[in-house]
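A short write-up of the structure that comes next.
Residue numbering begins at 1 within each chain, and the chains themselves are lettered A, B, C, D and E in the order written.
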Amino acid sequence: MSDPGNAQVDPRLLVREQGFAGYLGEFRRRVRGGELGPLPVIIGLIVIWIVFQSLNDRFLSPQNLSNLSVDIVATGLISVGIVFVLLLGEIDLSAGAVSGACAAVLAVLSVNQGWNAPAAIAAAVAAGALMGLLHGFFFAEIGVPSFVVTLAGMLAWTGFQLWVLGPNGTINLPDGLVSSLTDTYFAYVAAAYGLAALATAVFLAVSLAGNARRRAAGVPSRTVGDIVFRTAVLAVVAFGAAYVLNLYRGLPLALLIFVAVVVVTDFVQRRTKYGRSIFAVGGNIEAARRAGINVAFIRMTVFAVSGGFAALGGIFAASRISSASQATGQSNVLMMAIAAAVIGGTSLFGGRGSTYSALLGMLVIQSIASGMALQGVSNSVQFMVTGAVLLAAVVIDSVSRRSQKASGRA
Amino acid sequence: MAPVLALEGISKRFGAVQALTDVALEVNAGEVLAVVGDNGAGKSTMIKVIAGVGPPDEGEIRWEGRPVTIHSPGEAQALGIATVYQDLALCDNLDVVGNLFLGNELRHVGVLDEVTMEKRSRDLLNTLSIKIPSVRIPVASLSGGQRQTVAISRSLLGEPKVVLLDEPTAALGVEQTAQVLDLVERLRAQGLGVILISHNMVDVKAVADRIAVLRLGRNNGVFEARATSQEEIIAAITGATDNAVSRRLRRAEEGDT
Amino acid sequence: ACGTAGQSGGTASGSPSAIGTVEQGFKIGLLLPESKTARYEKFDRPYITANVKSLCPKCEVVYNNANQDPNLQQQQVDTMLTNGVKVLILDAVDAKAIAAAVKKATGQGAKVVAYDRLAGGPVDAYTSFDNLQVGKMQGQALLDALKAGGDPKRGPIVMINGSPTDPNATEYKKGAHAVLDGQVTIGKEYDTPDWSPDQANTEANGAFTALGAQNVVGVYAANDGMAGGAAKAMQNSGVKAGTPLTGQDAELAAIQRILLGTQTMTIYKPIKPEAENAAKMAVALATGQAPQGTTTVDNGTSAAIPAQIITPIVVTKDNVEDTVVKDGFWSVAEICTPQVLAACKAAGLE
Amino acid sequence: MAPVLALEGISKRFGAVQALTDVALEVNAGEVLAVVGDNGAGKSTMIKVIAGVGPPDEGEIRWEGRPVTIHSPGEAQALGIATVYQDLALCDNLDVVGNLFLGNELRHVGVLDEVTMEKRSRDLLNTLSIKIPSVRIPVASLSGGQRQTVAISRSLLGEPKVVLLDEPTAALGVEQTAQVLDLVERLRAQGLGVILISHNMVDVKAVADRIAVLRLGRNNGVFEARATSQEEIIAAITGATDNAVSRRLRRAEEGDT
Amino acid sequence: MSDPGNAQVDPRLLVREQGFAGYLGEFRRRVRGGELGPLPVIIGLIVIWIVFQSLNDRFLSPQNLSNLSVDIVATGLISVGIVFVLLLGEIDLSAGAVSGACAAVLAVLSVNQGWNAPAAIAAAVAAGALMGLLHGFFFAEIGVPSFVVTLAGMLAWTGFQLWVLGPNGTINLPDGLVSSLTDTYFAYVAAAYGLAALATAVFLAVSLAGNARRRAAGVPSRTVGDIVFRTAVLAVVAFGAAYVLNLYRGLPLALLIFVAVVVVTDFVQRRTKYGRSIFAVGGNIEAARRAGINVAFIRMTVFAVSGGFAALGGIFAASRISSASQATGQSNVLMMAIAAAVIGGTSLFGGRGSTYSALLGMLVIQSIASGMALQGVSNSVQFMVTGAVLLAAVVIDSVSRRSQKASGRA
């Protein structure tokens, strides 16, 4: 909006000052207005880190951070799928069960049936997508509430998981592609730095090119200072992560995959027609229908996507402990996946959110889990502290949103 | 030449309410047909029938002379019907640009072409001389009239043959209302058929060629706009020559004398 | 067809206390606690069904699994009674909490065989392994392995116990502590909700980071599932290869790990004889005979419950063949998948 | 006598938009004050400031001469301010009776007195001569105008001293509009202060005593209704004597000649 | 609407014919329109009963039905609280944990601390309400999403439960008031019939009196035939239930309490200002706020109510097995409580529902569980069948609602 060349500017719009002063002013206004996006949760995360580090100085050790970065992947991938469903304003309770069932399918196909790993992985992901599609069908075409469909799915796929694993229970996965998903580290120092450099460069290039197009079209564009600032923030995070990871075993493949998934799915949600349609259906289904969007198609495919990512998450969970069992995907995997999305800022009521919230939320949750594991306190205390910390992490966000509401935006 | 759009014998029922009974209507290319009627007369229901949002229980729709069935909004759009709904139906979580192009997004190698969409949005809104703080704010934070303009602009983005406007000026300021009336005249000049629903008799008389009256879900006459007085139309709407409007007028006259 | 079976039943055959006859057959209820562990549906259920069939061909075994939910198990007891079951073979989810249901069952004239876990209430017979003993054996095996490598206190060990909401986990934990306390340094100790292998993996990783992976000299994992999670963490975080790791249940995956050397031991509970005992006791009780026990136990409610206690067996690399393979628990073909083949050969399994 | 309600120096900001800047306004008992202005001029924002829905950032509200702060809708109601919002704010899941009495339910030994509420609802709707299929259907299934009437009726249930009407006739049919205008006059006759927002200059001139113009969030003059021509007001609203409305008028005249 | 004396009738409104023909016509219209209320779910329930009865003829035996009627109580009470929260359009994930924690409090107070039973019960319920109030505070005042607050609560109260029970775990409750909650049956035949007669009589009297008032006030009233029909349906259900229960051990106290709770809470929701406010907040929070409703108060108290009922449910669960343990309220209690409400017809999106749905939904769920238990199939099959039956039970409802949507009511 700060493009002075444009004629149609609303005179009431507060124009930002140029340069650094403008930034500061804008930032102060946002803090007051509560429009901070993920910042409060990031602050919460940093507070958690500081507290756990002060309790145990190994918390921020490269080894722990590296483990943490791999531990978030399995549930994080499930959470990515959940974000899709939440954007529709729906819920998927089956994600945990689907992840377990697909891990079982993978194990049976690759160990008992002797399929090669890529084929088995593809089959497992396809199975997950198919399960999701089935939920989507009952939801979109028959009209059963998603809560009930996916609850039924949760039960049915848990049964399926037990049935597939058969009476033998746990199946060990051989060393190979599946195990290496979470076992591979790019120890070569240049790998992590190179990727960080690449990410920064691509971001900068895309930003500049986009800006050039905008300026050419005469629509408002960012200032160069703005772009430089954003690029700098990205660079600090990317190179910082690369530095820390290189101190231990290098860049974990699993983390790389997860981050890539988040970036790509976010791009799909924000920059493609399909993603836009998801937001529209989640925002106002009647408006979406009237705009000619095939609502049933969107709903069904979104559940399929969720199923597919649940399967992928299950595969990573199996990879992490090199085995698939009746316990894979059970317990609180589902709750953690949903919680991650919500903590990261995705709304349960549809139409607001991003897959980055899966990444951010999982970092919060897993940091708490890891901190507690380092402390090794008794279980009752652990439950209570986890609950309290979880709440505290989100309170910061909520308080800032409250001021947002007070200033009339909610 | 066959009318571009014609309804015949349309009936529609909601639960225990018979909203439309045996309604007929036709609009020609290059014509503005105003549909007027009391609150709850069934005007919006009729619009939704045509737009594919709420298909009729009975009756026939003819498009350029041949019978068609319109089961979904997509089908209506494909025929060339653009609609501005009374309840607007915007996605509050999307910004102005997102709402304008919803369902018809411009793409550039598969990716949304935000720059071009933003540019076209700004141009479009400018022609309707609407001031919106930014085309990048969510429509949730727009004023009622601003939302209305967004909805109207939306309908002009495709290349429709018939435009259905359900009380488009209800929330608009005087200047914006004038713009919309100008627009309706421009659409007529371009040879489009326009169905305009409005409660404002002054506006209706200003732009409509013919005026169809609905009353309690049934046709209650079609009038030539030029040849009919406002009182006659109001009498057809209310079903009585002695109504609150005429009483007000009488009182006003008595007060003046 | 109305209910108060306790008052109306009990005179079906000649023997005063008999509630059924082998000739006519009767229903036996089998209540197992969960399905997350492989053994129940793979071994216990078929073994018991087969044994009952051979003792009483006309008898029917009605099976329910409580999915680790004590309230559900209580409902299943009710349903069994509704179903006209005469004898319950009951593997309690929560041995203490099931007491009321046991009382109700016996009140209605049914007989109860406590299976695998000593349920509270007026049970008529008991056959099992000793859970406390299991914990002790795990502890002892770990201690032995530690001593084999030098001073057991030369570094910390990590304990990963079972679910805090599973009463049996408390028993294993107690048993293990009884042996280990004072003998070793416990660096970190965790209770693992739902016996989750993933959680165990996270816990182990945390412990290794906190204690320093190279310092850790042993890991106690309460069952094989969690041992799997711990084993992977040990590999990944650079715990010295060959560091002792315990387990329980003799899962296939654990046997394979033992052969590969990434797990030290597991507890094998010979389920066949246990199932055989249970079937015998159940049929005996129904036909009015006294169940045979090698000993008696006291569960707090009943003082002298006839019992047959079977000693669990520690399985290590050396006795895989003599235990699980010999008993047909796992076949060599099942164990020796391509990946394990070499280790199998080395251990003489072929 | 002090005006029953007076605003002074009211400013309000949403994020980056300064919606109201230093606005002043006063309404006396027994007076109809019309507030007019372009779309997005800040009229609804001002109504919400008074109604306690969106308290101002700065400025003073005086009630019967003494300064008050209105932090919540409940406080405004307690003072005697009744409001009809432009976005209606009805509970779609409740029926008409439930919405009418929401927050002021009649009770009979602690239990909702549905019978009396239903009876009073029917009576009230009858006085506004509104046909609603049943007072027991959820408002979700009412037409736009029917919803509007429900909202207006709602504001009359208490015994307010000031009534704020934000475009109450926007969705209403001709007869219902006349009824509402009659109602406004009755309210004035009863000595209430009325603030009426409308884009319809004919209606405004018909009932208002004074007309306040807002433009881009600022006061742009207060006019005596009788003494001011429609053109003057439109010029104040649009900020120019040459605007779309005047151009339409000119064209229409040229066309006629 | 069929009152011919009233002048202001919309001419388009289809007037029902008088008498039986009118009923039939109205019914046919409703079937087509999908406005059948709970009827589809009841049909689903009947189908389930028929199927299970044909598989095992003990299913509909008085003993099994009597057991079933007691088994629904604990989770059903939790579900009643959940209905309150769902009416707001919110969720309470802590209900299971709160029920377990309060059962633990009850056990510790009455067994370890030697409190008398009524005091201990009161303390436990108060503790539950307090926990709920705490959730409500963070939700309503701080603005943390209810999903996150109650998830944190779920963790924290589980920890609290473990901590209260201490290392010994399970605490057996002595025979006494708590046990007798689910153990008491009014075997005296007249008790059940008397209550059935009383309920029918009260219903008839209230209906007639209400009708008389309506007629006096000149607002539409029911026909006498209508009232007689409704009374007859109630009488059949009430006397039928009494007959069956008398065939076994008589009317169970627990069932009586549960039904009374449902009737009273439904009355509160539908006929009091407080209940109306809950519906309003759930329907349109902004409209409720503008109507002067104290939204924060409603939200906080609703969570407190949910906590209180969760505690009550926990007490009944403990009573049923005469003990409280770490497992009380864990596992899928929460999911079942939510599912019961949703299956019974309460919307997850707020503003639509009734506590009767807790009763109806629990009947469906428990019938499936009981039927499966009678069959005695292996766990994997059981899971799959339960999922499928659950889905099937709701599909009937959804299909009828779909026609409702097609006829424009949704």
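Everything below uses one rule, namely that a contact is a pair of C-beta atoms (placed from the backbone, for glycine too) under 8 Å apart; a residue touches a chain by one contact, two chains touch by 3 or more.
Just so we're clear, the structure is a prediction, and the values are computed from it rather than from any experiment.
**Q** Show which chains lie in contact with subunit B and also with subunit E.
**A** Joint contacts, listed by label: A, D.
**Q** Measuring between mean CA coordinates, which chain is farthest from subunit B?
**A** Looking at centroid distances, C is the chain farthest away.
**Q** Sort the other chains by how far their Cα centres are from that of subunit A and give me the top one.
**A** D
**Q** Subunit A to subunit E: how many Å between their CA centres?
**A** 36
**Q** Distance from the CA centroid of subunit C to that of subunit E, rounded to the nearest Å?
**A** 38
**Q** Please compute the C-alpha centroid of subunit D, do the same for subunit E, then give the distance between them in whole Å.
**A** 43
**Q** So the centre of each chain is just the mean of its C-alpha atoms; given that, what is the distance between subunit B and subunit C in Å?
**A** Once rounded, the distance between the two centres reads 73 Å.
**Q** I need the residues of subunit E touching at least two other chains; which ones are they?
**A** 1, 10, 12-13, 162, 379-380, 382, 409
**Q** Any chance you could list the residues of subunit D touching two or more other chains?
**A** In subunit D, the residues touching two or more other chains are 14-17, 131-133, 141.
**Q** Touching two or more other chains, which residues of subunit C qualify?
**A** 35, 41, 164, in rising order.
**Q** Over in the complex, which subunit B residues touch subunit A? Could you list them?
**A** Residues 51, 53, 72-74, 77, 83, 85, 88-94, 98-99, 102-105, 107, 110-112, 114-116, 118-119, 122, 125-126, 131-134, 136, 141.
**Q** Quick one: which bits of subunit A touch subunit E in the complex? Just the residue numbers, please.
**A** 91, 93, 138, 142-145, 147-149, 151-163, 335, 338-339, 342-343, 348, 379-388, 390-391, 394-395, 398-399, 401-402, 405
**Q** So in the complex, the part of subunit A that touches subunit C is made up of which residues?
**A** 56, 58, 61, 63-64, 67, 71, 74, 111, 162, 166-172, 174-175, 183, 317, 320-323, 325-328, 330-333, 369-370, 372-376, 378-380
**Q** Spell out the part of subunit C that touches subunit E in their complex, as residue ranges.
**A** Of all residues in subunit C, those touching subunit E are 1-4, 35, 41, 45, 62-65, 67-72, 74-76, 78-84, 93-94, 96-101, 120, 164-167, 170.
**Q** List the residues on subunit E that touch subunit D in their complex, please.
**A** Within the complex, subunit E contacts subunit D at residues 1, 8, 10, 12-13, 210, 213-214, 217-220, 271-273, 276-277, 279-280, 282-284, 286-294, 350-352, 409.
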